[in-house]
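Encoded as structure tokens, here's the structure I'll be asking about.
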Amino acid sequence: MNLKNILLHSSALAILALGMSLVMLTNGIDLSVGSLVSLVSIVTAGLLGSKFGVLFAIFSGILTASFFGIFSGIIISRIKLPPFIVTLGTMVITASLALVLCGGETLYWEKNWFNTIALKYFFGVPILFCIVSIFFILIMLLIHYTSFGSYIYGIGSNEEALRLCGVKVKLYKTLVYLLSGCFASVAGIMLTSRIASGNPIIGMGYEFEAIAAAAIGGISFIGGKGNPAFAFLSAVTITMLTNGLGLMGFTTPWQYCGIGAILVFGMFLNRILAKVSLPER
Amino acid sequence: MRRNDILLRFALLIILAILIFLVNPNFGKPANLINILRQGALLYILAIGMTIVILTGGIDLSNGAVLALSSCVAAIAMERGLPIMVGIIISLAIGMICGFVNGVLVTQVKIPPFITTFAMMYFARGLAYIFSHGRIIYGFEKSFRFIGTGNIFGIPMPVIFSLLLLFIFYIVLEYTSFGVNIYAVGSNSESSRLVGINVKKVRIIAYLLSGFLSAFAGLIYTARLNAAEPVVGASFPLDAIAAVIIGGTSIVGGEGNLFGSAIGVLICTVIINGMNLMGISSLWQQFVIGSIILIIITTQTYTKSAKINIPILRSRKIESFEK
Amino acid sequence: MTGHILLKGENIKKSYGHVDALKGVDFTLKKGEILALVGDNAAGKSTLVKILSGAISLDFGKIFIDEKEEHISNPAASRALGIETVYQQFALVDNLTVYCNVFLGRLINKKILGGIPILDKRKMQDESWKVINLMGIKFDSVKRKVSDLSGGQRQAVAIARALLFNPRIIILDEPTSGLAVKEVNKIQDIILNFKDKGISVIFISHRLESIFATADRIMVLRSGVKVMDEENDKITSKDVVEKMFAIEHKK
Amino acid sequence: MTKKIIILFLALLFVGAILMAGGAKETKVEKAALFAKMIFIVKSMDNPFWDSMIEGAKEAAKDLNIEIDALAPIKPYNVEEQLRFMEEGITKGVDAIIVVPADSRGIVPGIEKANAAGIIVVTPNTKAAGGNVVTWDGAANFDAGYEVAKYILSELGGTRKKVIYLEGTPGNQTAYDRKEGAMKAIKEANATLLASQTAKFSRIEGQNVMENLLQQFPEIDCVITGNDEMALGAIEAIDATGRLDEIKVTGFDGNNDAKRAIKEGRLMVTGDQRPDAQAYWGVVAAAMALKGMPCPKEIYLPAPLITKHNIDQYLK
């Protein structure tokens, strides 16, 4: 295996894990990212075939996912429904929409510069990973140097306290789901460019992988604890290990077992590290 | 769960059924109604396990894979000529072992249920492929197939089994200490610990039961289909979760019941059946189910916060509190 | 009026990581005595209560009950020794009914069909109804969910749970916080009532007037150390406050 | 006590992992003066079909003295994972990549990358929509779908032409092609399509969907399906209502269960895809191209229909 490939292959999962870790820090969960990836793939690919141009297609893809992100966010923060249920709802709705929109067929377009995004390298680093890195740096800045960042942690550990301090909790919660939707759209666009076509099932299963990556990266399921940087790293590691299983000659059944073991072992390691670094309460 | 929540769901089920019936009278045929029950039975058995696990505040993403693993191993055992009873016992034992491992990882190693059962999903799926060598095991004895295809007084066996399990687990949840402990642990695990409930034991048993029920569903599945395959059930966990949620069980635990889940399963089955009958493209199935999840939970939240006052439902509520 | 020493703690220590919550505390509790435990936040009161109730285990020290050393390793063990605890947040389970909460952890079963254990709901309802009525707190039904109750009613449920099993010692952690004056008086009556029955009480409160109205003896903790242990009638609230906040040292 | 359980479990986990490593090594093909290195990528592992393909590829590898690694995406039919395998293969420097595209268009970037690196690409079973592919070999799903549908419709003959079609997983190329092929035959025969519903290539779905459709339509003459799995599920459903005599069912793929069902007269016809042959000839074509021998762009492997007339030669 080589580094270039690992970076290229983990780009989509890494950015999804980044978005998922933000959502999980606010004590939420976003099950819809996987099907949003598929939906964005279909929307973008469909519009790439139109005469409006590439940028319009990309923009529409981002807009679509953002719409569903805001939709989930508003229901979660205003009507106060559990995030798990709301995003499960949007997950099945968007998965269905993706299939309906393309009629079960893959979509394609006349080759243009959009196809080359996934092929180009910037000083040996895949452009896709560069894009992901930019988002990563932005999120790190957001987390550490803005009030939004501390509110994200605050909402996760004590939402009520924050509300009583006059923080617009509902707004920030909605924004987090919007961000998660946006990141899903970035992942969707990257995958679309990679496979040079729109595929209605391309995002299948990514939501669970992103949640696993975030959890193994130390993001707590009850919010308020963890660093998205580790979620990002664990996404890259998981991709490396799971890809590696196949290439080391494990047959698919053994790969399944291997992934199960990797997840459990990753979580176990995470527990041990947490115990070593923090005194037990 | 409050009575008006169940009524709300039951009303939705009836309205759905009437709407489909008006569009397509074939829906009302007795044979079709029995179909719905039979198709819902498998999902319902899984949903019982899922309800119990969700009541304790957990989740089980592994039930589909455990179903595949246990049914494949049982099928191999029967193929090799072992008696049917032995096959059945092996299958149930495997289901319980998988559930036990889930429970131990969740309670002792403190890995979140989501990740534990997600990992178990991969692990069990992998083992199912390994044991079956990826092939479909086909053809079983008549006596075994009876549990999937037989009828008693015209009622299909899967339906009888699911009703029986509903009865047993309703008693367990409502009338035994274990049932009360399940609700207590899911509602407030710290309080439960302080009054001396063995929280870990309750959780482990909940996962164990879910594994057991997955294996049980696997047996019925194998008997009904006359085949055991390692690929089956990838969509079962989400189907069961959706049905349980539509049935009104709270995803954070401690609230909900098996009747709600039964209605949830029926709502999902009726939708799919109706869409099949009306010839609506199946691409839309998930869309409808997703919308129903959001609509029903939103409605429930609103009626609960009493912003909308439905007279019938409210009077019921007061009645139920009189001693 | 007070009898022999029922509960004795020797040199009890407990630390959380680098924070020492209890730095070697000795205490005694006589039969039928009401001991008030006072201290500022983080003085170690709650830690002591949790150790006695089995919610956490101690690092060092010994606990004697009736002069016999006991190890309280979990909440069930504590309850088996006749120690009942009413926690600050009541430790009630919102989604369950009143009677289930009262019996939680010790639900009553009856055998049907030759040995299948089934909950005896009727008995639990009757008994919890009796106990709650004894306390004189208004209640319409024990079949209500706890989430529908008022603060005073919740407190009553929590105390009823403690009272039902003939305990020797009842520990009350802030039983009067967040209650209306009328309800506070009620709780004080209930506490005095315990004493009449010969039950020992350990009672934690910030409300000094409640303490002086009920307690026989007052023990003050500060930063994990016992700084005062006196009979009620020998001290004033001023002494207690001074000890609590170490005012004399600042002079 | 609890600690012991944890330690025991971890120990089991490690033992499992070690066994896994051992198991994986055993399955690797032996190396002995190899002539070339290839990777073979299938669409998924969710059907015995893919196992047969891998068997075929390994047989060819043995015959031609080639080292071949068989790979399948973890997520069924995920074309992006197939791309990953291709890219890893390219950096590892294999001589040829034999890939069964999960999606005709999605695989194209991978083929173009392989072309740029001078690596030979062969796509058995499913065609790629672009790139420079040395050879495609297989049964055209469209044509075979057409043939099966045409056979059953002509067998029925006369006026009995009420048809139900069971589709494969939505979004799947094969499912789409087979359906289009069948639709063409249905149109030509002037048959009535009562309903076309997906059963996601799965047996239980096939059974459930068929049970529902049986209620809707009192008169059905035949059920054409996108694969054997759905067909066998549908047969169970039809048999349960006792209508198997009037309703004829077709399958596709030719797996062992289906052959048995044909022998028993429950299934009317299935298209024999011969997955092992597809894989075998794919590897052979790649080897020929490596040696610089000219190779046909398309190899149509006949996809013979298996019917009750010729079933005996398949069941040895």
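First chain written, first letter: the chains are A, B, C and D, and each begins at residue 1.
In the analysis below, a contact is a pair of C-beta atoms (placed from the backbone, for glycine too) under 8 Å apart; a residue touches a chain by one contact, two chains touch by 3 or more.
Note that this is a predicted model, so its numbers are computed, not measured.
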| item | value |
| --- | --- |
| Shortest chain-hopping distance from chain A out to chain B | 1 |
| Other chains in touch with both chain A and chain D | B |
| Farthest chain relative to chain A (centres taken as mean CA coordinates) | C |
| Innermost chain by mean C-alpha position | B |
| Cα-centroid distance, chain B relative to chain C, in whole angstrom | 42 |
| Between chain C and chain D, centroid-to-centroid distance (C-alpha), Å | 69 |
| Distance from the mean Cα position of chain C to that of chain A, given in whole angstrom | 49 |
| Between chain D and chain B, distance of the C-alpha-averaged centres to the nearest whole Å | 32 |
| Junction residues of chain A, two or more chains touched | 99, 104, 252-259, 261, 264, 268 |
| Sites on chain D at which at least two other chains make contact | 45, 170 |
| Contacts with two or more other chains, residues of chain B listed in rising order | 105, 109, 129, 134, 283 |
| Contact set on chain A toward chain B in their complex | 75, 79-82, 84-86, 88-93, 95-97, 99-100, 103-104, 208, 211-212, 215-216, 221, 252-261, 263-264, 267-268, 271 |
| Residues of chain C defined as touching chain B within the complex | 53-55, 74-76, 78-79, 85, 87, 89-96, 100, 104-107, 109, 117-119, 121, 140-144, 148, 161 |
| Interface residues, chain B side, partner chain A - complex | 61, 105, 109-112, 114-116, 118-130, 134, 238, 241-242, 245, 250-252, 281, 283-287, 289-291, 293-294, 297-298, 301-302 |
| Residue ranges of chain B touching chain C (in the complex, touch as defined) | 171, 174-177, 179-181, 183-184, 186-188, 190-198, 254-255, 321-323 |
| Interfacial residue positions of chain D with respect to chain B in the complex | 2, 5-6, 9, 45-48, 50-51, 76, 170, 195, 197-198, 202-204, 207-209, 211-213, 215-216, 229, 232-233, 236, 240-241, 255-257, 260 |
